[in-house]
C-alpha cells in the first residue's frame, strides 16, 4: 500500500509487503528508542492524540513515539470533555480537530467509529482501538514481537506453532493477530479456552482456508509442549452468567513458573497484551515468571513504540529522512535490556 | 492598544485599529497553519493552557496555535483536579501558575473569573471564555471569517446584511460579535428568534446607537433573502419552562439545503459557532449542506487557529520575527481546502 | 550521593553535601526560570509526568521545569484512566511506562507506592508525593527558601529560630522539613498546634537527638516574637471528631496583618506550602498580608521550579552542560519580582 497520507484503520488494509515495510522501518527506529541517538525529523509536526476511551499505555505509547521523532503532542482524553457528548457528529469533530494537527491517533469505544472519523479528517488517522472491532497497532506489535523472538532461535513465522490461551471469543488481539498470521505459511494453531469463550467460527474458517492446522481444546496441560509461542489473554469473569460458572475455570488457564517448566519447551516465548491482573486472586500469568528470559510481555510494549514510530514516519512520508535529522543524545540513558 | 505584555480579556478593549492589527497578523499566519512552511519563533516558550471548564475544540485550538509557533504547552483541565476546589483564591492560583509559563489561555465557568485571575498573573492572560460573560477569540474569529468570506464577492463589512438566528438571549457569541460590528458602518441586522430568546435590550440599544438598522422577527422564512451572512446558534431546549413550550419551536429555526435554496441568496455565507447537534432529532443545521461552498462553519474553526496564533505573537511581541525563525516543512501535509 | 541515573524517593537519601549540590544547581537555574536566557540541554528528552493523584501545582511545576530545560512532557493524571484500576501491579506499570520516557515524576495516594514503582522502572523516578509518606521536592524547596530568605539578612540556617504552626500531626511537609533541619546546627523550634494535632513523638525525638531546642505550645500569641521563620500549615477541620471540637480552635492558629505586626519581628519570613483557603470562613493566612515583603509563599512556588529543574538536570547528568546549550529569549518576558 501507499502509506504517505493514508489512514491506518484495519489489518485488512495490509499485505505481506506492507507489513515488511513497517517492520523494516520499525527496526530502524531501535537506536532512537534506545537513546543511542535521536532524530528531529518531525520537529514542528503535531500529533492529535484523541483518546475518547481511556488507555494509559496505548495513549502514552503513541505520544512518546511522536516525541521520539521530534514532534509535539496535543492530547484529548475522555468523552465527557468532548463535544461528542453534545450530539456533535464524528464528521464534524474530525473536520475541526484535524485542522489542529498533522496526523491523528484515535481510540474510541464504538466499533467503526475511527473509520467514520477518518472520513471527515483532513490528515492521516491511525486507529488506536475502536471498541470491539480492531486495534491494528497491537496486532502489528504482536507479529513483530513473534518475528523478533523466533529469530533468536533461527526460526521464522512460517512453520511455527502458536498456542493461544484464555478468552479467544472477546479477545480482540487474538482475532487480529490470527488474521495477520493467515498471510503466512504452515502454522500450527493450538486454541485453548473454555468452550464458552472459544475462538469465533469465522476466525477458525480463515485459519483453515489459509491452510494452517488447528487444535481446539479446553485443556492447558499436555497441549503446550510443542508451542514456540504461548499467547495468553485474560478471562474476564464477568463474561460468565454466574460466579459459579466462572469458578469452574479458576486456575485452569493460568501460567506460572511451575506449569511453564512442566509443560512447555525451554524456550517457548510467553506473550500477553497487558495489562495483566497481578492480584493474588487473579488467574492469568504469575509474577514468578517475571525474570524468565522467555517472558516477552515487556518487550511487546517496547516493540509497540517502534511500530508506532514506524507508522508515523510512513504516513507522514519521512521514513527516508530519519538519518538526515539525527543528533546525539547528551543525557543519561538507561542501558538496553532487550 | 499596546499588545505586548497585555491581557486579552474582552472585545471592549479593542478598537478598529487593534482589530486590524490582529487580522493582519492572522493573515500572516496562514502559510504556517497550512504547513507551507513553519516558524520556530516561540521555541522554548511555554503556554499555560488552563481549562477549568471543558471545551475540547477551544482548548486544542489554543494549544495547537502555540505549537505552530514552536512553543511548549502545559495543560490543566477541569476543576476537580485543581486547588480551586479547596478554597484557593484565583489570585493565589494565578500567582503560582503564572510562574510556570510565558502566557496563559484560560477558560472558566464563572463570569469575570478570567479578569480576576489576570490581576494575580505575572504573564499575559488570554480569555478563552468566562462563562456567560465573554469569549473574545470566538468573536474575533467570527468577524475575521465574515471579512474573508465577503471579500470573495468584493464586499466589506461596512454595508453588509447579517441575519442572526436561534438563541439570541443566551448566545454569548452573537452578543460579542454584535459589539464588534457596532464599530463598523451601515449594517443591516435581522434578528430571528423565539420571543423568549430574543436579543437583550442593551445589545439592541448598542446596535441602534451605532446607527445600524434592525429587523426583529420570529419568522425565518421570508426574512433571509437579503442576508449576506447567516449566523446560526443553537436553541437549547432546556431554556424553556417545559418540553411543550420547546416543542412549539421545533424546526422553526433550522436550516437545511431545501430552506437555504428557497429563502437565501445563492452566496449567503452560513456560519455557526459549533458544535452543532447532528442527531436526527436536532433542529439547527442539517448535514445536507456539508459540501455547500457557502458553508463556512469549518473555515471558522480554521480561522480560529490563525486568530489565536496572532494573539500569542502579539502579546509576546514576536509578530515581526516570524520570518526570521522560518524553516521548511519536511513531512506530508494536507492540501489546503479553504 | 551519585545523582546520575538515581531515583529521588526520600529526604533520607540526602546528606548535607547532596543538598548543597542540589541548591547550587538550583541557583544556576534562576536565569532560565526568569527568562533572561534559555537552555535546550534536554531537547528531545521525555518526562513521564505520572500523577495518579491530582495536584495541579506540583504537576505543572514538574512539567514546566522539564520544558524549561528543553524537553517534552507526556502526562498521565488520575487513577481511573489507568490500568492500575484493573489490578495491574506497580511493577508492571513501571516496566511498561518507563520505556516511554527518560525520567519519571510520580505522585500517588499510597505510601511507598513510588518506591515500589521505582523498583520496576528502567529510568530515574522522582517522588512527587506518595500519600502520607513523603514529598521530598517540597521539603527541598522549603529548605532552599529558608536559606535564600535568611541570606537577605545575613543569616544562615544554623542558629535560626523557626516556628511551625497548625496541623503538625498530619502535615507531611513539616515532618520532612524537620528531618532536613536536623542535619543543621543550633536551631530553635517552636511548635504551635492544638494538642490533638501535635508533632509526632518520633519527629520530636529526632530534633532533640540532633541537639536542637524545642518549645511546644498551643498558643500563637507571645510565642512568635523571636521567630526568623514562621511556617504555617492548614488545620483541616475534618481531622476533629466533631465540628464542636473544631470550633474550639477557630481563629487560634491564623495569621493576618494585625497579628503579624503585634507578635512578630519586622522581618519574620512567612511560609506556607499552599494551597491556602482564602474563603471568608477560613482560618489560616489572610490576604491582607499579600503585599507584605516578608510573605515568601509565592517565592516558595518559584523556588520549587528551580529545585525540580536541578533534580532533572542531576538525575540525567546534564548539570554541567546547561551553558553549552544556551540560547537567547526572543519574546516578551515578565520582569523578575523576587
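So that you can tell them apart, the chains are marked A, B and C in the order they are listed, and the count of residues begins at 1 in each.
Criterion: a residue touches a chain if its C-beta (ideal position, glycine included) is under 8 Å from a C-beta of that chain, and two chains touch if they have at least 3 such contacts.
Computed from a prediction, not measured in an experiment: that's the story for all the values here.
Peer 1: Rotating chain A so that its CA atoms sit on those of chain B: what angle is that, to a multiple of 5 degrees?
Peer 2: Fitting chain A to chain B on C-alpha atoms yields 120 degrees.
Peer 1: Could you classify the chain B-chain C contact as same or different, where same means more than half of all interface residue numbers appear on both copies?
Peer 2: Homomeric contact, different residues on each side for the most part.
Peer 1: How many Å are there between the centre of chain B and the centre of chain C, using C-alpha atoms for each centre?
Peer 2: Inter-chain centre distance comes to 40 Å.
Peer 1: Touching two or more other chains, which residues of chain B qualify?
Peer 2: Only 75 qualify.
Peer 1: Residues of chain B touching chain C in their complex?
Peer 2: Touching chain C: residues 4-5, 41-42, 44-46, 48, 72, 74-76, 80-83, 86-89, 91-93, 95-102, 122-124, 315-318, 321, 325 of chain B.
Peer 1: Considering the complex alone, what residue numbers of chain A touch chain C?
Peer 2: Interface residues on chain A, with respect to chain C: 33, 35, 38, 40, 54-57, 59-61, 63-64, 67-68, 70, 73, 75, 77-78, 274-279, 282, 287, 290, 298, 301-302, 305, 327, 329-334, 337.
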